[in-house]
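Next come two complexes, and both contain subunit A; in the first it sits with subunit B, in the second with subunit C.
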Partner chain A sequence: MSAASAAVAPAPSRLRLGPLVLIAPAAILLAVFLVIPYLNILLMSFRAPGQGTPYGEGFTIANYLRFFSDGFYIRQVANTLWIGFLCTAICLVVGFPVAWQLARGSPRFRAIGYGLVLSPLLVGIVIRSYGWTILLGNNGLINRTLTNIGLIEGPLPLMYNALGIVIALVHVFLPFMILPLMAAIQGVDPSLETAARSLGASRLTAFRRVTLPLCMPGIQAGCILVFVLSLSAYVTPSLIGGLRVKTMAVTVVDALIDTFQWPWGSALALILSVTGALIVVLFARLTRMKWKVART
Partner chain B sequence: MTVVRIESLSKVYGAVRAVDRISVEIGDGEFISLLGPSGCGKTTTLKMIAGFEEASEGAIRFDGADVVRVPAEKRDIGMVFQNYALFPHMTVDQNLAFGLEMRRVPRAEMRSRIDRVLEMVQLSGFSGRYPSQLSGGQQQRVALARALVIEPRILLLDEPLANLDAKLREEMRVFIRDLQRRVGITTVYVTHDQAEAMTMSDRVVVMFGGRIAQVGAPADIYERPQNLDVARFVGQVNLVSGTVASADDGTLAIDTAFGRAAAPARDGLHPGQAVTLSLRPEAIGLGAPGKAGAPGRVEARYYSGSLIDYRVALDGGETLHVQSFPTVAFAEGDRVSVHAPADRLWLIGAAQ
Partner chain C sequence: MRSRVLAAYCILIYLFLAAPIIIVVGASFNAGNFLTFPPQGLSLRWYVVFFHNDVFMRAIRTSLWVAAVTTCVSLVVGTMAALFYVQHAGRWKETVRVAMLAPLLLPEVLTAIALLFFVYAIGIGTRSMFGMVVGHVLMTLPFVFINVAASLESFDPDWDMAARSLGAGRWTRFRRIMLPLIKPGVIGGALFAFIISFDMFTISFLLKGIGTSTLPIQLFDYLRTNFTPEAAAVSTLSVLLTLGVVIVSDKVLGLKLHRF
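Up next, the complex of A and B:
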């Protein structure tokens, strides 16, 4: 008996190198190019502003005090969050039906649709954003067409405002919403809806009570992706927003590169990151799925 | 409770008639099985009764009222799916409550009905579990409970045991049948497993190619198959050739290797004609060589505990599958005499 169990028992614990070796490249990459820079930014945000130099002598919390005492920057963070929220909400509402068709539609539609959804990602983000300025500008294609056919008197304000930024960002980030949604919908057994209907639920109720909650992992992933990407987007907001509307990312870059205030820019960058992270954590808590955790 | 009448019901996909003008009446509280190979139209028929497939032609009547135009959620059916289709994000309780909520049953009544049904399926104490925390058999019983707790007019089961292992499957057959008797609900059960259909049903509907081949009690289907397809699909069968010796007074006398068999006269069968008869393996007896019967030799022997299966080659050339109790034991290569009672020889029709 004891001989048999000894034969089955695992070999004496030996350091298993395999998994460590496999995660090493990613771990090193993250440590060197993410964690260390972050620590650097954190340190920088507490440095004193410099006179003619990027930063001065000694440490201070003046940068954070400056932020919290100036309503202008708080409003700008709020504005950035609002744009992020709008992008996420619109991507979710617009993307869900597309993801549904990609997951449940005919195979031919799925092949074509998948290609169409991915195609924006094949064009560089700078080019796409310039494309939007051509469409949305006061003298742009949309305004000119509408004026020419007499629908509007003067140009509609489509650019240099939050609306333009949201339109362009939704276009850029839609695939990041659709793909996780599609994967989630594919994971939901269609017979569950049939079962719900056999129990007396209408199609709408079956969707609301059964399919939608089961798609939650995909909704969660898609929303977090789009929200985070919208907060940190730089190229599109700076091209479409111009000087009139600035998101935090644009202001941070201004501070770091144009006005050369590294401590101030670092503090702004950290405030944006932490705020975004808090919202993501809160969102993840609120949409927590008990049934996902409950495993024996 | 509910009598279901299916009247020349069809389902047409393009040029294919998946279900072709079938008619059958299912009595109140009756347990009926739709039995057939895959693609025979049994599942499509069930889906039409449930309302998940639209009927192309014909009527489905619940107590006389045609429900063909009634949407699935208004038909008041309880359905059990092959993959159980339990809601993974709901506990056992919530799964059972779902149908009751749709029917706006008051909270207190809901509780007592759920408790009662859970007790019926022997799952009291599991109400807080999620489906992922249950075994296959337990999930199966939750699915059954969820269909029954709404007290539907009819219960529909779509191959509910197909995903269970053999032992559990046999237990669940008995369990479902006993439960159905106790509740007394009209039940339609779809399966491709003839043993399942036979043990559970009051009547079996055998389907091939979208049509009903035979409807009858399990013993009818087994002992008196109406054609070759049914004989072959339901249990194992030996096909024995014979010749019509005479046709008098509405009775045919048929000569076979096992002696003379009788059958009711049939159109198109006349003396001298070659016919095919069915003979079930367990109806055949083996005896020591030299005794009455056709001489033969044991080619192969398969022991399965309660029974022994033999493959016996008759000296006349035919090969028979014989099933007997282990009390009669022969070895491979033994000479035997093979006999069968004439009344177990069942006339299928003219030889083909």
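Up next, the complex of A and C:
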């Protein structure tokens, strides 16, 4: 890739004006409809709540104070982060063997498997969440089947709780974990493992000390992707959690759509996003450190 | 033996991935009034109900329209940006890449909210589809960019040079030399843009106006209050539509998808 780009761009030092026309539409689009709106939402979170209008006159930090003085919202953020963490961990553990098989398995199996991993992404998230409500509901397929067999008396609580949300989110985001993992595993030369084995390492040691550290960039990418996606997921928690379990994204959207509290909703959304971003940065730091240690 | 265990495990996971979709498709043929198991006989009655439901039919038309407009805009803007990125960005390459991928890296909910406030701040509001289409373009732009840039990376500049030495102008070279060679990436990007726009939820949910619900929004609203298999019929048709787009682009146009 670098060789090709170097060949295409022979004079990388100076930027000529003519080609800037090519990037102009995208630059304007991103500046006007992404950068400015993000600055605006930051401003909005400091606005005073309105009386009958989305926001009032003047600026205040009351929205942030309201969040930090109310244990309910802090618990909700903690809950959302916990669900995100569970999803990420489960996706990693469940997805790794599949990624391994896709990267190292027989080529015939690989093409089919790759298609099977990608194909759920072609189906809208509302539809997939709807499928889970049919499966997990009190009168759903799983509970009906178990009751009919006689394994359980009443329905198991699979929906309207964190468990149902995690199951459905793992399903929705698993491909996003498997794809980067697969790419990372493909990049690891299997002969490195053979070399470690020939030097007397057990299969497990060779995996733990050689393959796993080399896969770290893929693990990192997959984990960050799934974590961020699950924090901001709206549809799945809303349909599976119902009114009983709300994640932060659901609370934020409801605060904006149903009650029109724009400053309050902005503050909530920003708090959740910044917390998520901090965790991602911390995670990236920690894993990179570990990766370096493992390499030396 | 070990590889057998692994293969069996993978098949289980593939089943897990496919399960809710299979269930929805299966439920759409249920003859009963509710989603009961086992189904009370097979029937196409819910498809008939759905085809006579103006709300859903209008939502499908809206979705297709929004996805078509989004794809066109995103394709032009994204392809131009990819051309700049690969051929002219120089030392700004990494900056351009991060900026182009930004809509993917930022939480969709936050982007949707930010855009909602913005369209009201500039006085457009959600009366027209403008805000929604802009949101869709933003979210699909990275996919066009990734796919086109990936094909451009393998484009040999000598071909361009050869055409130039033969007297071809800039536009002719792009149309006759480059475009045919990067076609798979362009089509892949367009396909991604169309499907992602067609299935987009959060952006549409926050930026929809009165009477401009897309299919996912209409389905979501319906599911909050109704439990008939009609929703399953709608979902199945939506899946078939997407599948149709993929197959047509694969067969007719030739397709090569690039991952990021």
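Note that the second predicted complex is superposed on the first by the 258 of 296 C-alpha atoms of A that agree within 3 Å, B and C clash if a C-alpha of one lies under 4 Å from a C-alpha of the other, contacts with A are read in each partner's own complex, and residues count from 1 in each chain.
Note that a residue touches a chain if its C-beta (ideal position, glycine included) is under 8 Å from a C-beta of that chain, and two chains touch if they have at least 3 such contacts.
These figures come from a predicted structure and were not determined experimentally.
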Inset, instruction - Tell me which partner A:214 touches in the superposition: subunit B (first), subunit C (second), both or neither. - result: first
Inset, instruction - Return first, second, both or neither, reflecting whether A:286 touches subunit B, subunit C, both chains, or no partner chain. - result: neither
Inset, instruction - With the two complexes superposed on chain A, say which partner A:144 touches: subunit B (first), subunit C (second), both, or neither. - result: second
Legend entry - Partner chain(s) touched by A:243 [first = subunit B, second = subunit C, both, neither]: neither
Inset, instruction - Return first, second, both or neither, reflecting whether A:204 touches subunit B, subunit C, both chains, or no partner chain. - result: neither
Inset, instruction - Based on the superposed arrangement, let me know which partner A:194 touches: subunit B (first), subunit C (second), both, or neither? - result: first
Legend entry - Between subunit B and subunit C, more extensive residue contact with subunit A: C
Legend entry - In the complex with subunit A, residue positions of subunit C that touch it: 3, 6-7, 9-10, 13-14, 16-21, 23-24, 27, 35-37, 76-78, 80-81, 83-93, 96, 99-100, 102-103, 105-111, 113-118, 120-121, 134-135, 137-138, 141, 145, 152-155, 157, 195, 198-199, 201-202, 205-206, 215-216, 219-220, 223-224, 231-232, 235, 238-239, 242-243, 246, 259
Inset, instruction - Spell out the part of subunit A that touches subunit C in their complex, as residue ranges. - result: 1, 4-5, 7-9, 11-16, 19-20, 22-23, 25-27, 29-30, 33-34, 36-38, 40-41, 44, 54, 94-95, 97-98, 100-101, 105, 109, 113, 116-117, 119-120, 122-135, 139-141, 144-145, 168, 171, 174-175, 179, 183, 228, 231-232, 234-235, 239, 249, 252-253, 256-257, 262, 265-266, 269-270, 273, 276
Legend entry - Of all residues in subunit A, those that touch subunit B in their complex: 189, 191-192, 194-202, 205, 209-210, 213-214, 216, 289, 291, 294-296
Legend entry - Of subunit B, residues touching subunit A in the complex: 50, 52, 71-74, 76-79, 81, 83, 85-90, 98-99, 102-103, 130, 132-133, 146-147, 150, 156
